[in-house]
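Let me give you the structure first, and then I'll get to my questions.
Residue numbering begins at 1 within each chain, and the chains themselves are lettered A, B, C and D in the order written.
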Amino acid sequence: MAHAAIELEHVHVTYRTRDGLVEALRDISLRVEPNAFLTVVGPSGCGKTTLLKIVSGVLRPSRGRILLFGEDLSQARLEGKFGFVFQRPLLLPWRTAMGNVALTSEIVAKQLSREQRLERAREWLGLTGLQGFEDKYPHELSGGMQQRVALSRALSFHPQILLMDEPFAALDEITREAMQGELLKIWARIRSTILFVTHSIAEALLLSDRVVILSHRPGEILETLDIPFERPRAELLRGQKEFVELVEHVRSKLRGPEGQLG
Amino acid sequence: MLRAVAEGFHALAQRRTLGSLLVFLAFFLAWEGAVRLFHIRDFLLPTPSAIAVTMYQKRLYLLEHSVPTLVAIVLGFVLAAVTGFVIAVGVAYSRWLNEISYPFLVTSQVIPKIALAPLFLVWFGFGITPKVVIAALIAFFPIVINTAKGLTSVEPELVQFMRSLGATWHEIFFKISLPWALPYIFAAFKISMTLAVVGAVVGEFVGSDKGLGYLVMYHHITFETRLMFAGLMALSIIGVALFLLVVLAEHYLLSWQASIETPPETM
Amino acid sequence: MRGPMLEANYVSKTFGLDGALAARVQALSEVSLTVAQGEFVSLIGPSGCGKSTLLKIFGGLTPAEQGEVYVRGDRVTGPHPHIGMVFQEDSTFPWRTTLGNVEFGLEMRGMARRERRDRSKATIDLVGLTGFEHRYPAELSGGMRQRVAIARALILEPQALLMDEPFGALDEQTRIILGEQLLRIQGKLGQTILFVTHNINEAVQLSDRVVVMTARPGQIKATFNITLPKPRDSRIIASEAFGRLVAQIWTALREESLKGFVQATGAQVE
Amino acid sequence: MPLPQWIIVGLRSLVILGALFALELMVRLEWINPLFLARPTSWVGAFRALMAEGELPKLAWITLSEIGLTFLVGGAAGLLLGTLLYRFRRVGEASSSLLGAMFASPIVLLYPIFLVIFGRNRMAIMAQAMVTGIIPIILQTRNSFLHVNETLIDVGRVLNLTRRQMFFHIMLPAAAPMIFTGIRLGLIYMLLSIIAIEYIVGVGGLGNLVSDAYFRLNTDELYVGVITVGLLSLIFYTFLTRAQRWVQRM
């Protein structure tokens, strides 16, 4: 059997803060197949971000094991495997859009010449619909455009795994929808494995092959859903009965018995 | 390079609007007018025009005393910038060093380092060394504190992103942390440059037979008020020029910043 | 039938008159809108279409350039005493506790301490923040801070609430819970609400009427009457009627967003 | 994992004690000429002597009262001027570059002018220190008001607040944290200026004690003077930090 791209086995995460111990994740086991799109949904503060951190090796789990393509995370060479996209674009304000995208290849693809790197950055900006904006500084771009740059930056070195931490949460709904479409188009081309985190149920259902529902802290897996809709998924899906019912199903799961304060 | 400098001046000129020029003009006119109107005696307070004439007549004399002062200021500032930067990096990257030294750094900022001037004279003798050390000592603290603050304010997620790419410490520092801290560093440079001027001149007051500080003190005692003011003017010109130099460098290096007139949020 | 609460007649507004490059941007162009008493109307449209500007004009915070605006038949020349506003950005006073924030308006109007304490307590209870009276905003979550802001507006018993993407910065779950709460409060107190949002689900779930605006210059493109039965809770989302409405509004909006995107990019390329 | 508080405090004290001990040892072993660096234990002797003569408390009181008075008057005037420059926008914009230039130029060095105007006395020192310290306060106060969050102002406008209410209940508390930064910077400048002029002019105060000790080559007294200056500044600064916390109540 082929190895999963990401595999978590009974992962627990507990960390210490000034107020004492906090249990962030409890007994998480999940598999993400190569080239699959898996989304984790959950309420704020349920440990979704922590999950991404342990997969990328920034944070160590207190218990349990993480395998990447069958290799133990502690042994796997992580360099260049991950692309990261965060909720905020986190661009370097002193670099142009192209300079920001070129940043990754400066580190991962040192063998390339400066011209080649910039050429590659230009290509990626084109792919995310930003031709003509190569020489703009981040503060000259709108929020949606900045996030496109961040996406290009994360993708430009063909990472095997793309980790996305609520990448569209700060955008308005309309831009968000455009970005979702764009992400799927690019994903169809590059076929990286995507681990995506969001609190938007509709977003999760529109984008992914599989959705994992996480509970309120400590985060536990409440349910794993395989999403039945055919791709490409039309926007009309939003109005369809099956879709709406699935959204409501996830929502009732997340709410739990008492429904928490925001 | 030259073009960038010219652009810098252009930007400065744009901000210094006609209004502020008028304010400067009004200031000197008021001074001139007050002295003439109230018949203030020349040895008490000369008119700006008389000072200007004196400055022109004694230009070589002033220049001769400006050079040692200028050298002391610049050396002191550079010394402060280099040591301040190195220590700040230590403080920013070693938690132990940080926990232990930070309160000392913050509190010593308050202590008027001028009071230490005589100690340096005792230690380093007469001459340029105590001046440079005093200037450096006063200018040092804002640089350390702001640089450390800037380096530690880097977005942790950005560092996490770089790490996941396999970037080395060296790469993260030069590509992310340092440029990130530059606005903070320049905010400190602006304050420190002024402080370095004060330090160098106080050093000359306390023990020196050269320099503008000495010149001012000497002519104060001999009641040659015009010459004293000429010295003060020369000092102010040096002080403002050096400050503008820092602003220009900031403008050149941080041209990406949307607005340069950010408030000095630190210190 | 009662008279309209809010009324705008042919309102236009241009920005950047004193801007450096004389880049005049027309934000609103001849917008007319009437909101009846007790009605809940949502404004929805692409970014920069002037929704917030219209709200600010109703609130008396910025004057209309052309056209008139009325609140209960009074011509708006400044903030109207019967109007309350809630903003997207965190607008709580960080130096006051929940209680201090909520009673701010009453304090400014010179009400006695005892009385305003009682009323604040009741309002805090209404938005579900009992137990958090003595916390400072820094100790509250984003959703709770927004409830404080809502309570601060509600305590003055405004007849109309102008809400500028009040839940825009919150996550979806919190947003839905707060939306339900807002509907309950409105059901109880009966204010008129003009609500700006980007979120179609939210607009349909909350409103009696959804007004879709065009890309810049903002004009009214279409109006949808939401006839879903009230009171509503989030389960309504699962109904077929709801889905149909959302899809209709999407179609109307998508054209405008595309236009808006082209506009934004075109403007930047010069 | 954060280090426990007691370890940090312990380490800090250890650093101070260690430095003092090393100093004592080096001078005792005559690695350093005692004329350069007096032993910490002999500082204590000099301190006792100065206390017994009543000299130190007297001089400290002079300096302290100068600082206090300058700070009160200068701080109040700076706040007022900064507020006025915010209120009258045109004047504020026009004068901001003059103030900026003054902030950049070493005003301490204008002391002869003050001596000319006030004579060789403490008024001259205080006036000088005030002019030096007031500038950052003015600049930062104006700046703080300019940077108050627009939304908070809108909240006030919707409530139809009077000018007075707007200022005292919204502008001032919102700007307070940034204003304090200016006040702290102003205090540092005032302290520096007072000690420097006392030192140069010699009209009493701790600065004068230091310069006297220097000219008499009395290294022990020199150190006592320097350390007292440091402690005094610290006390003042701590007081200010406390005041800030109290005002912000956070």
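The definition used in the following text is that a residue touches a chain if its C-beta (ideal position, glycine included) is under 8 Å from a C-beta of that chain, and two chains touch if they have at least 3 such contacts.
None of these values were measured; they are calculated from a predicted model.
Listed by label, the chains touching subunit A and subunit B alike form an empty list.
No other two chains have as many C-beta pairs in contact as B-D. Mean C-alpha positions place subunit A and subunit C at a centre distance of 31 Å.
Centres computed as Cα averages put subunit B at a distance of 50 Å from subunit C.
If you average the Cα atoms of subunit B and of subunit D, the two centres end up 18 Å apart. Here the chains touching each other pair up as A-B, A-C, B-D, C-D.
Of all residues in subunit C, those touching subunit A in their complex are 46-47, 128, 141-144, 168, 170-178, 198-201, 234-235, 237-240, 242-244, 246-247, 250, 253-254, 257, 260-261, 264-265, 268-269. The part of subunit A that touches subunit C in the complex is made up of residues 43-44, 132-133, 136, 140-142, 169, 172-175, 178, 199-202, 235-236, 238-241, 244-245, 247-248, 251, 254-255, 259, 261-262.
Those residues of subunit D whose C-beta lies close enough to touch subunit C in the complex are 149, 151-152, 154-155, 157-161, 165, 169-170, 173-174, 176, 248-250. Listed in rising order, the residues of subunit B touching subunit A in the complex are 155, 157-158, 160-167, 171, 175-176, 179, 182, 254, 256-258. The part of subunit C that touches subunit D in the complex is made up of residues 59-61, 78-79, 81, 83-85, 87, 89-91, 93-95, 104-105, 108, 136, 138, 152, 156.
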